[in-house]
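These are the structures in question, set out in turn.
Each of the next two complexes has subunit A plus one other chain: subunit B in the first, subunit C in the second.
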Partner chain A sequence: MIFQTPIMALLLVSGLAGLVALWSAWFGLRVLRRWNLADGSREQLEMERQTHLISTLFGFVMLAEALALLLFVYNADRMANLFVGAMCAVGTLNVNEYGFPALYLKVATFFAAAVWLIVDRADRAGRDYPLTRVKYAGIILLAPLILAGGAVELTYFAGLETDVITSCCSKLFTPANEGLSSEVTGLPPALALWLLGGSGLAVALSGAASLWWGRGQMLFAVSGVVLFFVALAAIISIISLYVYDHPNHHCPFCLLQPEHGYYGYVLYLPLFFGTALALGAGVLQVFVGRPSLRDILPARIRKLIGLSMVAFGLFGLATIWAIVSSQLIVFG
Partner chain B sequence: MITLSAVTKLYNEGRPNQMAALDGIDLTVPGDAVTVLTGPSGSGKTTLLSLIGCMARPTSGRVHLNGDMVSGLPESFLTGLRRTTFGFVFQRFNLVRGLSVIENVRLPAVPLGPDHVELTERAMARLEHLGLADKADIPVEYLSGGETQRAAIARALINDAPILIADEPTANLDTVLVNRFLDIVADLRAEGRTVIMTSHDPRIFTASLVDNVVRMVDGRLDTEEAPA
Partner chain C sequence: MTPWLRRQRALADYTLSALGRRKGKNISLVVIYALIVFLVASIMMFSSGMRREADLVLSEAPELIVQQLTLGRHELIAGGEVEKLAAIRGVTAAKGRLWGYYYDRLNGANYTVMVPDDPTIKLEQGQAILGEAIPRSRGLSWEGAPLFLSRFEGDLVKFDVVDTLSHDSALVSADLMLITEQDFRDFFGLAPDVYTDISVSIRNEREIATIIAKAEKVMPKARFVTRADISRTYQKLFDWREGLLVTLAIAAILAFGIFAAEKASGLSAEETREIGILKAIGWDTGDVIAMKLWEGALVSVGAFLTGAVAAYVHVFLGGAGLFAPVLKGWSVLYPDFALTPQIDVLQLTTLFLVTVLPYVAATLVPIWRVATGDPDQVMR
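So, the complex of A and B:
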């Protein structure tokens, strides 16, 4: 089972990311302890040279990790026909107890990687390595996440057994069961839409305030994160019903299948990118006072917020299109 | 003003053939002046010049330009600094064969993306000033030694760099051409540029327009007085 091309690719990315993360974190410890730009010692100059190499390498690995989330989800859906009882990615992820933890760790790594890449890019814009310590502290924090993600992923893939009867999404995403997914599934559709509209409005208002008056960037970042979770809940509670034209089919993974026009990708890609950019804008806002970034960061943050609003806007349009083009009548 | 603090430069670091080209150099090179680095072959003149011009990084120590630390700048900033602050005349001039004189002169400005017509006018003005306007369209391999040197100076100044760095610019040139070069340096000084060059040619470092002579030996500054 493990010798499937996408699985090998995913494990290769995770293995590579783990090795680079370990090396980078080791170097990061040196940076945190010894970095001193006022010092002209051999060690300091050596670190200055190495930081470019290690940041570039780690950046590429983080980019690969971010893209690996897409492959992981696509692969989980693609493999559903190999397991008895599986109808979509949910069945594949439920084959053993490591499937969903692997997915959650991949999602966490995606956002952490996106934020790190944004901070790295900002650091390279400053003449005096303004965020070098910050980004290496970030690597030290990220390394355990990357290693844990790789280990759980390997355990999950190594434990895939085709003779296991797995449960399909209708068992997981039903209000009748217990658990978070069932509770979200049971969220009243009207409430879910109101919450989605409300958080979308908060994102739009805080984003507009950030762009026009240069204020409220942190609020925008927080609103973006809130919108992300509310949007996931709304997808399970109501949006999926519209896409499937079915009053009881709540699965957020069947949306990724070709018979539903891969509509999940239309919803998830802008949602994930919008949230990652909002998070990045919020993190950069913390460093806006650094002298060598004072003239650079405000424009960058505005750009991130603008792009994030475009991504959230695309998600909003995809949601509205799902509702207006559906044959399903939920209200009235 | 360029300041070097405790600068060392090792080549082949950590290998059996490790060599210290510079060893603990503390030096201030004044701005708005002509400075010549002199000393025997292997004394570290070219290495020191390449560190001053931000073409290489020291193994330890710092280089400051007008108070700003430049030797540790990230590479993208260093590239920008080299393009806008320093003009280089290399020992072998390093003009690109196959290109015409004016194409060679325009070359360092191309990455900055200036207007082509304006750039060509600027390059022609430089060539005219150095008496090379009539050679603008001929390939550089047909130039004489003195013409090649002047074409290299025109190229070094195309971005209007305030500091000209020249490595043995008069090697293998006769006295007439050396005097012609010194006239050009005097013009550059009159324009307010700083000139820093290496030379072990007495016709250069004893010239009256030279403000500052830095003597080097075995990678260190030679602080002993030269014999009268």
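So, the complex of A and C:
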């Protein structure tokens, strides 16, 4: 079952990411123990040189991981016709118990990697590399996540058996079952839209405050994360209905199919990017007091917040367009 | 333009002219790189074209096929079973089908002989409609040439060829020969009330599983093959063949990775001097790495585009002459058909990851090693 080119590509990415993560974490341990910019020793000099390599390598691997997340979902959707009972990515991911964990780990890696890359760029802008220790502590935390993601993904793909009867999304996303997905599906549509509007407003207000008065950045990051989860819930509870023009089809994965104009990508890409940038802005805000970053960081954070607001705005537009252009009448 | 963009533009500009200064070396790199992309892309495009073709063909197939089994082998099925199946609720129609294989000793090919299902195909006794590969391989080049078939020494049966099937369905109909039911029974010496298998059409696809469950009670010894089963088997078959070839190609990718790493680390004296000068005039390690990454990106984009476009031409315009025998399967009568061009994001992303990522991985460490050298050391 691993004998599929997209799967091999995904495993290649995971394998490379795992190797780089292991090596970087090993180097990170050295940095945490011995890093001292004031020291002119040969070892320190070599470490400084190696940080360039690690940054570049890690940056590339994380970009590849972001691409791999897209490919993973797209491929799961594509493979659905190989499994009895599967009609979209949900069926493929449900073939064995490692499918969804693999997806969640990939999503978590995406966000962690995005934050790391943002911190890395900020660090390289400061003249004395003020965030080096933070960065490498981050890598040491990230490495297990990347390795676990790769291992779970490998187990998932190795265990894909086409004669297994899997369940379709209409079984998973129905209010009648138990479990988180059903809870979310059962969320009343009006409440979901109010929550979405509320968190969107919170994002807009805190974003505006941080752009105009330079305060409330932390609040923005937090509301961005809240918006992310609320938006996912709202997509399952109500937005998907509008896209499908169907009062009972709640699946957040069928959205990715060509029949629905790949509308899922229009919704998810800005949402994920907006959230990643908001998270990055929040994390940078923590280091705004560092002496060598005092002049650089505020402008960077503003830029991140601005971009993040644009992304969230696009997500909002996509949502509104889904509702306006739909034939389905839920309210009234 | 932001400073960042301006810096990138300047770097790209510099890198392009630097690449131009070492044409020979870089062209050889791009050519080999493009060859690798071409190889993998051809395999992927061809098998995805085949998968699509199979799906197109199968969309016309009956929802369910019922076959009798004896000793675990496919057996003739009695005509009485047709009514039993047709009586199941949800079945639109059940029809006995007649088809078989004929081995032609003249050209060593197997024909699929079949009684047409389609009422619009009008055939009379002694007439036949042929798939496009049969007249081609038998050399029936003139209009109205009859087809003579010999089942055994001294036997000769004549069929008038009234029509040949179009190229559109060549994937399945290349070796097809359609004759009337009476001719079929006479030709193969078949009893009057038996069929090869039964095709069942079902109106609602969601009822297929239930209908099979009911039919299994009526015909416990039969085998039920759904259209989805066949489609899945084809998908898996082509996936598997594609995977096999890509795995073989990985050896080539690996070799290329080593080659690229060699190229990136073994700098010529002139290049080393260039980097030394750049560092001496104030470039820092980050700049040199960025410049080298630009170099890699330009080479990659060039090779990727060249390779992918060449593969497209090879597969969809040139009939994939290089890999077709392996991916199509083997047969004396090859269907002569053109694949419908089809590429999607999944393929391109996969192709990108499979080819560009190994290149990047192989060259990053050498690039860094070059970029971090001390200027005086490099220039010496």
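Keep this in mind: the second predicted complex is superposed on the first by the 332 of 332 C-alpha atoms of A that agree within 3 Å, B and C clash if a C-alpha of one lies under 4 Å from a C-alpha of the other, contacts with A are read in each partner's own complex, and residues count from 1 in each chain.
The rule we apply is simple: a residue touches a chain if its C-beta (ideal position, glycine included) is under 8 Å from a C-beta of that chain, and two chains touch if they have at least 3 such contacts.
Since the structure is predicted, the reported quantities are computational estimates derived from the model, not experimental observations.
In the superposition on chain A, A:248 makes contact with neither subunit B nor subunit C.
Once chain A of one complex is fitted onto chain A of the other, the partner contacts of A:36 are absent, as it touches neither subunit B nor subunit C. When both complexes are overlaid on chain A, the residue A:124 reaches subunit B and subunit C alike.
Within the superposed three-chain model, A:67 lies in touch with subunit C and out of touch with subunit B [touch as defined at top].
Of the two partner chains, both subunit B and subunit C are touched by A:52. Contact with neither subunit B nor subunit C is seen for A:325 once the two complexes are overlaid on the shared chain. Within subunit A, the residues touching subunit B in one complex and subunit C in the other are 49, 52, 124. Subunit A makes touch with subunit C in their complex at residues 2-6, 8-10, 12-13, 16, 49, 52-53, 56-57, 60, 64, 67-68, 70-71, 74-75, 78, 81-82, 84, 124, 162. Within the complex formed with subunit A, the residues of subunit B that make contact are 5-8, 57-62, 69, 71-77. Only residues 37, 40-42, 44-45, 48-49, 52, 124, 127-129 of subunit A touch subunit B when the two sit together in their complex. For subunit C in complex with subunit A, the residues that touch the partner chain are 40, 43-44, 228, 231-232, 235-236, 239-240, 242-244, 246-247, 250, 285-286, 289, 293, 345-346, 349-350, 352-354, 357-358, 360-361, 364-365, 367-368, 371-372.
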